[in-house]
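Chains here go by letter, A, B, C and D, matching the order in which they are written, and residues are numbered from 1 within each.
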Amino acid sequence: MEPIIVKYVEKPELNKPVLIEGLPGVGNVGKISAEYLKDKLNAKLFVEIYSKYLPPQVLMRPDGTLYLVKNELYYYKNPKGRDLIILVGDYQGMSSEGQYELSYKVLEIVKEFGTDMIFTLGGYGTGQLVEVPRVFGAATNLELVENMKKYSVYFSPSDPAGGIVGAAGLLLGLGSVVFGMQGVCLMGETSGYFSDPKSSFEILKIIKQYFNLDIDLSEIELRSKEITEITTQLKEEQKNEERKEDLGYIG
Amino acid sequence: MEPIIVKYVEKPELNKPVLIEGLPGVGNVGKISAEYLKDKLNAKLFVEIYSKYLPPQVLMRPDGTLYLVKNELYYYKNPKGRDLIILVGDYQGMSSEGQYELSYKVLEIVKEFGTDMIFTLGGYGTGQLVEVPRVFGAATNLELVENMKKYSVYFSPSDPAGGIVGAAGLLLGLGSVVFGMQGVCLMGETSGYFSDPKSSFEILKIIKQYFNLDIDLSEIELRSKEITEITTQLKEEQKNEERKEDLGYIG
Amino acid sequence: MEPIIVKYVEKPELNKPVLIEGLPGVGNVGKISAEYLKDKLNAKLFVEIYSKYLPPQVLMRPDGTLYLVKNELYYYKNPKGRDLIILVGDYQGMSSEGQYELSYKVLEIVKEFGTDMIFTLGGYGTGQLVEVPRVFGAATNLELVENMKKYSVYFSPSDPAGGIVGAAGLLLGLGSVVFGMQGVCLMGETSGYFSDPKSSFEILKIIKQYFNLDIDLSEIELRSKEITEITTQLKEEQKNEERKEDLGYIG
Amino acid sequence: MEPIIVKYVEKPELNKPVLIEGLPGVGNVGKISAEYLKDKLNAKLFVEIYSKYLPPQVLMRPDGTLYLVKNELYYYKNPKGRDLIILVGDYQGMSSEGQYELSYKVLEIVKEFGTDMIFTLGGYGTGQLVEVPRVFGAATNLELVENMKKYSVYFSPSDPAGGIVGAAGLLLGLGSVVFGMQGVCLMGETSGYFSDPKSSFEILKIIKQYFNLDIDLSEIELRSKEITEITTQLKEEQKNEERKEDLGYIG
């Protein structure tokens, strides 16, 4: 079989579309962000990607039907600027080789449609509950670093220390080396212990502003607040327990 | 070497044959079912499949001879309806890639013989001893979901939660995406702790009825009853021990 | 690079040579046997096999020089019968795929020289110290099973239960399925805890007799006796300790 | 995608250049040595190597920009003798296959520029803090062994016992078998517990002398002395604790 099977649902004309990636990863921050974007923008599915580099697995829909795990590309015709291509999916590639091959294939496809810029979205796992998650950035060139700072993206000289692993990094790395594209990775701070819409909310505010999108963020804001409540509660319980322990030592 | 070596023993003319798969897996439910079917229908071997995606291993026959691990296709000319192709084997593919490649190859082969429908058989591991195993289903389309419900196949909006991993899922996933086939996966409930003919018996009753087969199920019914006896005994021992423990608390 | 690099040192004319394999494995029984055979027969190196399926490693000679890990083929022109090709090496293939590809390549090579019969040598690990190791057999066909019984090869209806994994099995499996060869695997009983020349000695006696070889076994017999002494000592120490423990319970 | 992507920054004319390799490994001894050499010789980057055999990862620069993990070749035109090609990189290949493919590709590239000799640099992990690290050697031929002994390289009949794993071994192994090159591996003794410039210093002294290089080693000497101080302190602390424990037994 072909290692990667690309099925075109449609071949739209697009205006220098920017690729926005959000696949499963730390805190599912990227996936939640990209899927929210796609849903709220009512973006259209135009490419399905199946591959032996994904797990040998089908997933269930609630109605009893099944579908093969895949990655998908959606497009959004942006009346106020450059169009968007949004990459979402059930899984990332399972091996180093699979990661490279899948990222390369996506870049080949979007190149055809005129893409020369990429935004990859992900989580930056800190292992700690965060009050207001910062959005860390990394870009393919200095100009873009400076530009993104205007949107409150935080560039640290030492983070993320281990670099960026997976599609969020590879699309930018291969994109710049092989396809002459530029781009930026936005990483929302997250504990990494659970799916974190709060971190995604911070990323989406930047995306909305940067691309001047007409998009309603109230739903993700609500989910974000729920996370705040839960984590506030968790923190108080922690404090109470610590206090009890302290008393124990005194009494 | 060719990654997959296909040896034709025979090239029969078949009447829109339905592929029925039963390879090793949870509780060996699929394997037991498909091999019982093949034996009782006196199905004929026509394809042997060897591959570097299977383990590097030969297996022993009691007479001291050995054979390379393989998958096999048998055919059954059904006087009362569509013919059957039955897929059995010693192992499934060892890696993601191997799973995809082997499933794809089987689909290519059966396509040649006119197959456009697939039944995959497997176990659904619950981790608990079951009195009467239900048969869960998952299908490539809603029409088939509705149709299978008539045969007491149980479709749950949330099971199996993790989807279906391996050949039982892939044959349906790749079959529908690449080869335009439809199909259903039948999963017999099983503890998953041992080879479970009881679960296979429930699946075989459905297969017999659906395909209107002239097949004797008395032997698998007997093996099924033996399992019932063993598990009943196990459960009573469990209860007795729990009672003892309860008395211990009271006494 | 080519996945497997074959370097011919020489292309000898051979008389229907039988392939004898002895690569590293359980108790190194096969390796010890084949290397002893090659050394005592003064067999000539004619093929070197390098491959990315072997570990990425060089090994040291005592003089400070290094060499890339490899498999090697030696030939022996047998004045009393069929010639021999002996396969030895530093490692077996590292993955399923590597095992298949390397075995296939060896079969392709020896086929060129007229081979239609294979002897593979290995250990059968029992986890227990053995007084006189039996030599278990498995063959590609019944005739050969019967023939080998005359040489005191032991065929069990249930051993080895897990079949034969690795080159010793694959050469026979692929050899018979793809290349129309026949052959037998000789497995010397061994604890599997250490390199076991005692088990190799039993195999070599059969090989010597079967091929009517003019070969001196006194050296391996000596090494075999040393193993006997060590294991006898170990067993007595075990007994003494058990006796002490027994006394402990009584006293 | 091509498994290995080679980007030429420049195609210099070189005078029978010797390849010097220093990739990450035990104690990072090779990497530290080769990078120091490249920096102090002001060697010029001429080849970038990207590959799916490297991790799917980008790394960060302090200015917020990112780059795809890679291997690099630098050249140095040596006024006093043969030119040098220096191989450095972020990672070695991730799998056996990747190791072989990447080493093979590097050899193909340097062959083009006239290379017939290779020096690979690495650490020899002993698990113990060393006062003055020896430099162990292994070479492709006896002449080179004898030659290197003049430069205080230590050849042991039994070290390294496990051979040499990874690029440092493979470049020499494949280089001699496939490309007719000769070469030597220099392994600086190191505990292996931390990055060890002290071990690199010993290697660099040999390289400087052998190639008659005009290179300032004062900086690495300083870093080497820092390591000496730290390890001396560690050893004294160990001794003191052992003394305390001894007193504890007596008191």
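The rule is short, and it goes like this: a residue touches a chain if its C-beta (ideal position, glycine included) is under 8 Å from a C-beta of that chain, and two chains touch if they have at least 3 such contacts.
Please read all numbers here as calculations on a predicted model, not as lab measurements.
Novice: Just send me the rotation angle from a CA overlay of subunit A on subunit D, rounded to the nearest 5 degrees.
Specialist: A turn of 90 degrees brings the C-alpha atoms of subunit A onto subunit D.
Novice: Residue numbers at the subunit B-subunit C interface: does the shared fraction exceed half, giving same, or fall under half, giving different?
Specialist: different
Novice: Among the chains, which is located farthest from subunit A on the basis of C-alpha centroids?
Specialist: C
Novice: How big is the gap, in whole Å, between where the Cα atoms of subunit A centre and where those of subunit D centre?
Specialist: Centre separation, subunit A to subunit D: 38 Å.
Novice: Roughly how far is subunit B from subunit D, going centre to centre by Cα mean, in whole Å?
Specialist: Going by mean C-alpha positions, subunit B sits 54 Å from subunit D.
Novice: Could you give the separation in Å between the centres of subunit B and subunit C, each centre being the mean of its C-alpha atoms?
Specialist: That pair's centroid distance is 38 Å.
Novice: Counting only residues that touch at least two other chains, what does the list for subunit D look like?
Specialist: In subunit D, no residue touches two or more other chains.
Novice: Following the definition at the start, I'd like every touching pair of chains, please.
Specialist: Taking the chains two at a time, the touching pairs are A-B, A-D, B-C, C-D.
Novice: For the complex, give me every residue of subunit D touching subunit A.
Specialist: 1, 5, 7, 48, 50-60, 62-69, 94-95, 98
Novice: Can you check the complex and tell me which residues of subunit B touch subunit A?
Specialist: 93, 96-97, 99-101, 103-104, 137-142, 145, 155-167, 169-170, 172-174, 176-178, 185
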